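Here come two complexes built around chain A, the first alongside chain B, the second alongside chain C.
Coming up: the complex of A and B.
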């Protein structure tokens, strides 16, 4: 595997982990624009636990502990944040991320604005393995009773409430588990690149992650996978293509086309690339049944 | 005395935040979504101002210099910037508000205009980067170092003018919303777009007006920012707009005068935070305050409870 492919694979895997972290709250209809905050927390916590300046724990243990820590923070802030709704929730999660990054930059023992080196290195296999585990976990999670509850809240909150779904609990769980996954993603990032800098986890990262999820589709667990894969691989292919054509301008401006694509996507397919109907159709074709009956049954 | 000088600097900075915060609050109050094209418009206006003043426009530089001359090129910059922002606002309107209604209603359908506006943010930032790069760009201030002093306090003319201008524009806007026919139509759309349509309000013709107004606010604050601080880059919109969002929430979503108070307050808070605890720490008080307000009193100081509920 060439170094270039490997680097792209790492970016893809990290994007997938981040996307699932934001997908879980989004699956219950909650937009979380604070991914960068959870990622920062996970990366710094794991790095500090593992580092010789910190506790010097083994890498696996420090990753697990950092997930637990980020999960605890996520749980603590989910209670007040889930009281807010819609625009307010977007803003509150966004504010949370900014506060976290502001604090991280000012912690001298975490290296401050210069960033923090991380000791233990996570090789490619670990990153890919963790990403696959996260994907499998999320597919399982969405197939459980709780996942079904999330889907029903996403479609209609009042009706779910009438049918006895504990909306609050489901949302708190989705938000907390989402936070833990983002923390995991951050920890893996830190251990792979062996360096954490709060400025890399900025507003734009949160925005991009939310876009992966919303463009991939929040209705099924395929959505974030497709979204993240699409939007990390496609611009790269486009860049290669432009380089081969010998046009530097085209290579530099690929994000303009990416932005246009997002705008057009909202016009022609606002629910995201993968919808539940589409999933059922594909499943119907694969198992040889008439797809129409399944799709109509939704 | 030094504290008083900091207070004045804070008010001047707040004046710029006020206009961006008012732009945000108008869109949230009227159309009920968080418009992320506002940072892009602010940055684009600042960039057009810079490009005109330094002769870096893709075309028409010689013409503008021959008409306005070296000394008045800032007037050309303001015109180019305002005209281009108005056009851009109309294009953005076409692709955000009009597609707000999803085919299948679910909880994230209200995220549509949010996502398209993020798409536009990406488009404009990279358009500017591919044209002029992402490094900070400088201009010569057209007014030099024009200041006057009262006692030992230093006031800069461009900053005084921009504070006055921003308050004047907001006053005018608030008058338009309260007293005119256009304002009544706007308020009816804010309350319930479907009913407004039934009552004979041409929603599809009024909404572009809201976009042009917000575009103008962004353009003017972008121009004033360029003249006052003389250094801009492609990410300047994000920096300014995130602080302006904090100001808007503080004042209460959808409330114009709330945005004015909030904008001025975060301006002062930012300057004092830099003065007391240093530039690196400035995020924590502003965003901590915002988080606290959102959790404790989401309506802000003057907001209504209905706005933003259940919508993105």
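Coming up: the complex of A and C.
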């Protein structure tokens, strides 16, 4: 594997983990613009637990403990944050991320603005393995009765309530588990690059992650995977294309085209790239083709 | 006298200064098919919302199957044996038919194990089988995997009834089930409701279509301006001068005076 492909693969895996972290609350209709905050928490916590200046724990234990810590923080802030709705929730989660960032930058023992080196290294296999595990977990999670309840809440909260769904608990669980996954993503980031700096986890990252989820589609568990893959791979394809054309102008302005493409996507597929109907149609097509193949084989 | 599955006593509800429900009391006999009728704005849907706990009552009590549920939060009322459909279809548009029905089972899935069971991954499981059987029994077996938003209105109405039924209620509340249906769809719905009634579930229905009420129900409660004005069999209601007056007005009492009464 060439270094370039490997680097892109790592970015893709991290994006997928982040996207699923934000997808879980989004599936029940909650917009979380605080991904960067959870990622920062996970990255610094695991780095500190593992580091010789901290507790010097093994990497795997540090990652698990940091997830538990981020989950606890997520649970604590979910209680006030889930009282807000719509754009106010976006602002509340954004504010949370800014607070975390501010704290990380001002903590001397975490390296302050200079960032913090992380000791143990997570090789590419670990990053890919964790990303696959997260995807599988989220597919499982969304297929459970709890996942069904989350999708019901997304569609109609008051009717879900009348059928006995504990709406508040379901939302808290989705938000907390999502926070833990973002923390996991942050921890993996830190251990792979062996360095964390609060400024890399800025609001632009949160916005991108929310975009992956919303443009990928929140109706099925495929959405974040498609969204994250799309947004990670597409700018690279644009870049490659510009290089082949030998045009500096094209290379410099590729984000203009990328931005236009995002707007176009919102117009053409306002409910996201992958919708429930599309998933059904694909499944129908695949099972139909299998049936035809079997028939042809006979 | 037969046992009552629902007893409403002295129910009051005001929105601001407007008295919407004024001292309404009625009982629903177990196994009966009771209709709640009245002109527009009589407070029928408000009664339903008070029964299902969408808003709290100002005064009065609601007793369901022997337990006082007046103060019980709406999400727990389904546990006491009450389930409802809605005036405008409130199915989850992004869920398939069978998933909508499985939502109706939610109140029966208490344990963490039930909540974390992968309904969608294991295609043969008892919950899904039960939901599909319920649809099949209602004559809706052909659409289990389809997203409900794409189905005809009459089919969606019947899916709402099936969804409410899988919570295994003792009392089924139906808010204008026949509204917007054509004759064929109304007949199909009526057949489904008769099937529901034969299974021992008590039905309380708010309805405008008097023809539908006469065909389906054996007891009628009539409301006007938030008060109960009459109660009896469909035939008695049909002959009652009070009811006729409420709907059409009389020569002696102009409708305007009724409005003055209520304010």
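Assume the second predicted complex is superposed on the first by the 288 of 298 C-alpha atoms of A that agree within 3 Å, B and C clash if a C-alpha of one lies under 4 Å from a C-alpha of the other, contacts with A are read in each partner's own complex, and residues count from 1 in each chain.
Everything below uses one rule, namely that a contact is a pair of C-beta atoms (placed from the backbone, for glycine too) under 8 Å apart; a residue touches a chain by one contact, two chains touch by 3 or more.
Keep in mind it's a predicted model, so treat the numbers as computed, not measured.
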item: Chain B versus chain C as contact partner of A:166, first or second or both or neither; value: second
item: First (chain B), second (chain C), both or neither touched by A:140; value: second
item: Which superposed partner A:86 touches (first chain B, second chain C, both, neither); value: first
item: First (chain B), second (chain C), both or neither touched by A:230; value: neither
item: Touched partner set for A:75, first chain B, second chain C, both or neither; value: neither
item: Partner chain in contact with A:238 - chain B first, chain C second, else both or neither; value: neither
item: Touching partner for A:195 - first (chain B), second (chain C), both, neither; value: neither
item: Partner touching more residues of chain A, whether chain B or chain C; value: B
item: Chain B versus chain C as contact partner of A:149, first or second or both or neither; value: second
item: Shared contact residues on chain A - chain B and chain C; value: 154-156, 219
item: Residue ranges of chain C in contact with chain A within the complex; value: 52-54, 74-79, 83-84, 86, 90, 92-96, 99, 102-104, 106-107, 109, 114-121, 127, 145-147, 150, 163, 167
item: Touching residues on chain B, where the partner in the complex is chain A; value: 28, 32-34, 36, 95, 99, 102-104, 106-116, 118-127, 129-130, 238, 242, 245-246, 249, 253, 280-284, 286-288, 290-291, 294-295, 298, 308-312
item: For the chain A and chain B complex, residues of the former touching the latter; value: 26, 28-29, 31, 80-81, 83-88, 90-92, 94-96, 98-99, 101-103, 105-106, 112-113, 153-157, 203-204, 207, 210-211, 214-215, 218-219, 249, 252-253, 255-256, 258-263, 265-267, 270-271, 275
item: Residues on chain A engaged by chain C in the complex (per definition of touch); value: 139-140, 142-149, 151-152, 154-156, 158-167, 219, 276-277, 280
